[in-house]
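Same chain, two partners: subunit A is paired with subunit B first, then with subunit C.
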Partner chain A sequence: MDDSFQPDALLNAASSSGEAAEEIGNEEEDEELITPAEVLLKMKRAWQNEAAAPCILPHQYEILEILVDQIDGMDENLARVKDKTQLKVSIHRAELQRINYLTSDYMRIRLKKIEGNVRRIMTQHNERLRQGKPPLLSEQELRFAEKYAKAEAQLLGKSVLGFLPTPVQKIPHPEEDADLSSVYLQVLEDNVENVPLPDYTDPTAEIIVSLERDSIHLIPFAPIRDHLENDRVRLL
Partner chain B sequence: MDAEKCEFLAGDESIEIIPKLNADEIHLISADVGPFEAGVGTRVPLWLALLLRKKHYCTIVTPNWLSPDELRRYLVAETENAGLTELPNYFFEIAHILVREAHEDLLESDLVKTLVQDLWDRREAKLRTSIVKFLSQKNVSHARLDYVQPTEVVAARPTLAACKQIARLVANIHDSQQSQT
Partner chain C sequence: MDAHEGIADAAIRLVQELKHNPNIIPPYDATLMRQCIDTLNRLYDQNARSLMDPTGDPSISPEQITTQREQRTAAIIYIWRCTTAYIHERACRIRSLRWRFGGILPISIRNNLSEAEIEFFNSYSSALADFQSSLGESGVNLMANTEPPKHLFVQVRVKEDYGEFETNDGNVVILNKNSLHSLPRQDCEMLIRRGILEIANP
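Now for the complex of A and B:
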């Protein structure tokens, strides 16, 4: 057996990420220590929500960064092992691959959404910042969005818009209609506030729907947006 | 979401295996597994069970709910119940993975396959009739579907596009009514 790769080496990795988690916890005013397993769970939920949501959700890069640190730490530990054929090594590798998939797919989905409607998303991001809400995009994503918007403008200008008369030289700016979308959701907590839904028969009326714990609903997206951002419900 | 992502998530559900080797406890990021002792059953995440099985280090124990008897009971309940009945988490995903990757370990895997298929058909028929009913009216924008399984949600996803169209039409109607008055 190779002594350099024992559980305590891994315990170190786990505890160092525990510290990282704690730092984040402090930033978010509760000082509870988050275990790596909990971080992973949060990431899974964020990924699921992002994949199911009709629009881009506020970013969860704190969680992502902790996990990426964790992956790097584990990678280093694994690289130090001399006997690569150990069962333990392949198990850890397999787990890393799963987590890697989770984090990269999360980023991939978000970048795709940004590419889909880059200008609208940047306006929304700035609006949220003005209102003091948590930011929609991370710094890296914002940089990407700006670059993408610029490239898109240049391409459109060269290929199409340059040949059109000035009054119609506009870059398409599709309306975001996530407000009209519906979603499947599951309620995660007890005592989630009732949600007012638009009454289709009367534009001025509302229908109140109660959300019991664990129940699953097909429901318009707009009224439950706040619940989603506060982790009271999850999308399916 | 798509079916593959559902299966990925189902990979984290725990399942019982009988290891064929001895090994110490392993500290994974998601949880600690082991220690493994040959011949003594233990629970691990499904993805790990599949990995070990591929290397011939374990056999997978068929979950209780995937036995023909239990499945028949679910089928009866599904027939008697007008709504959907409650199933274990990730029922269809796990059944599908096990039948595909580990059918030698399953008891009566062909029978299990047919029963699961029957169950799926019955539930799908219910879901489809209720979705058609839901989409052919324009008064309600909300439906409750307790006990629906993740794969079924994926299968019912196209409904969302239809809901959006309906919402848009209704919004247009309201707009035109308001401009008339």
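Now for the complex of A and C:
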């Protein structure tokens, strides 16, 4: 459990959220989270997108790490409050747990996706780096992916592949058909480019879906992938 | 081999073993695995021989030989897929064990795994542990907070004697069998998963 926090964690958290974090017993929830509120909103959105997307999205670990440090600091603060029966303490603790759930679940979802198709995701990650796009995996995730890929290769090698003729010693990595699945999305900005979809009743025609602000669509994932990466839409 | 038996029967049985036992990890079937590997190697050798010496058997026409080779190749790929699928599916289940029991496997489950699988479990464990400690000042615990929090405290019933238990905020409770407690949810999550506590009013 999260009980062994170093005192430094407090300093970091306090400096990034102003001195408000110091006064947990007296301050209102909202005041304390003025700066972090945006961080939290971004994290929520990242988590929701990740949970709804059929494939792994570029990582948001900058936000995540801020929050994780913040959680450490707040925990520390809560531990110092003498009167644990105060209502404020309980409210804070509940909020803290929600944030904790948010960050943990975000990491869990991503790890599960990595495990699901580690080789393919690592190739995609390297591909993106070459093209100068934002990386798919964070440093920590990449390290995990490498270790996992190695462990999996060893398992397969020692169980089957090692005993087979060389040409058959391949590790299967299924193609991703994320592009085929559909997602619910909401448009967040004005003037988002329209999306052309093939019209299945007429092979030569296209249906143009106009993405107006705040409208909600059920749409194939592939054509909106770029919109999603640029935060112009969010998944539901 | 029996005349009625197909070349890939062992491979199919491997996959079926997992399919028929969806929720547990059945014992690692080294015998069937061995059979699959042997069959595959035999087919491969036959193909290799027929390629080296295309006019080997004069009683069969060259077209027939080609067809035979293609069929063997198809069988090889089929067996390859079944065996790797078997290992892969077991690996998935082994991963879920790590999330349920933490780094130590119960003996009853451990006995069902092959040596390579135990190694896999250990390296998966350590990869996950490294990941968790690489974040934040003192690491994160991904095993906690697995459910969206609804209440700060949960009512739990103790299912087996556990003894003293200290919550995060420093209170000590004694968990005796059949007693009821109201505990911070995050503290007792692991105990619930291990079956020592159960939620009293779900």
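Odds and ends about this structure:
Keep in mind that, in the parts below, the second predicted complex is superposed on the first by the 195 of 236 C-alpha atoms of A that agree within 3 Å, B and C clash if a C-alpha of one lies under 4 Å from a C-alpha of the other, contacts with A are read in each partner's own complex, and residues count from 1 in each chain.
Just so we're on the same page, a residue touches a chain if its C-beta (ideal position, glycine included) is under 8 Å from a C-beta of that chain, and two chains touch if they have at least 3 such contacts.
Bear in mind the structure is a predicted one, so any value in this text is a computation, not a measurement.
With both structures placed on the common chain, the touch criterion links A:A94 to subunit B and to subunit C. When the shared chain is aligned, no partner comes close enough to touch A:N194: not subunit B, not subunit C.
Once the two complexes are overlaid on the shared chain, A:L155 sits against subunit C while remaining clear of subunit B.
Applying the stated contact rule after C-alpha superposition, one finds that A:L218 touches subunit B and leaves subunit C untouched.
Touch criterion not met for A:T123: it reaches neither subunit B nor subunit C. Once the two complexes are laid over each other on the shared chain, residue contacts for A:N230 go to neither subunit B nor subunit C.
With both structures placed on the common chain, the touch criterion links A:I207 to subunit B but leaves subunit C unconnected. Subunit A residues 90, 94, 98, 101 lie at the interface with subunit B in one structure and with subunit C in the other.
The touching residues of subunit A, counted against subunit B in their complex, run 7, 10-11, 14, 36-37, 40, 44, 48, 51-52, 54, 70, 74, 87-88, 90-92, 94-95, 98-99, 101, 177, 180-184, 197-198, 200-201, 203, 207, 209, 214-220, 236. Residue ranges on subunit A touching subunit C, taken from their complex, read 1-6, 8-9, 12, 64-65, 68-69, 71-72, 79, 84, 90, 93-94, 97-98, 100-101, 103-105, 107-108, 111, 115, 139-141, 143-144, 147-148, 150-152, 154-156, 158-161, 163-165, 168, 170-172. On subunit C, the positions that touch subunit A within their shared complex are 33, 36-37, 40-41, 44, 76, 80-81, 83-84, 87-88, 91, 95, 114-117, 119-120, 123-124, 126-128, 130-131, 134-138, 140-142, 144-149, 152, 168-169, 185-187. Interface residues of subunit B, counted against subunit A in their complex, comprise 1, 5, 8-9, 11-12, 21, 23-31, 47-48, 51, 55, 57, 134, 138-148, 150, 153, 156-157, 159-160, 163-164, 167-168, 170-171, 174, 177-178.
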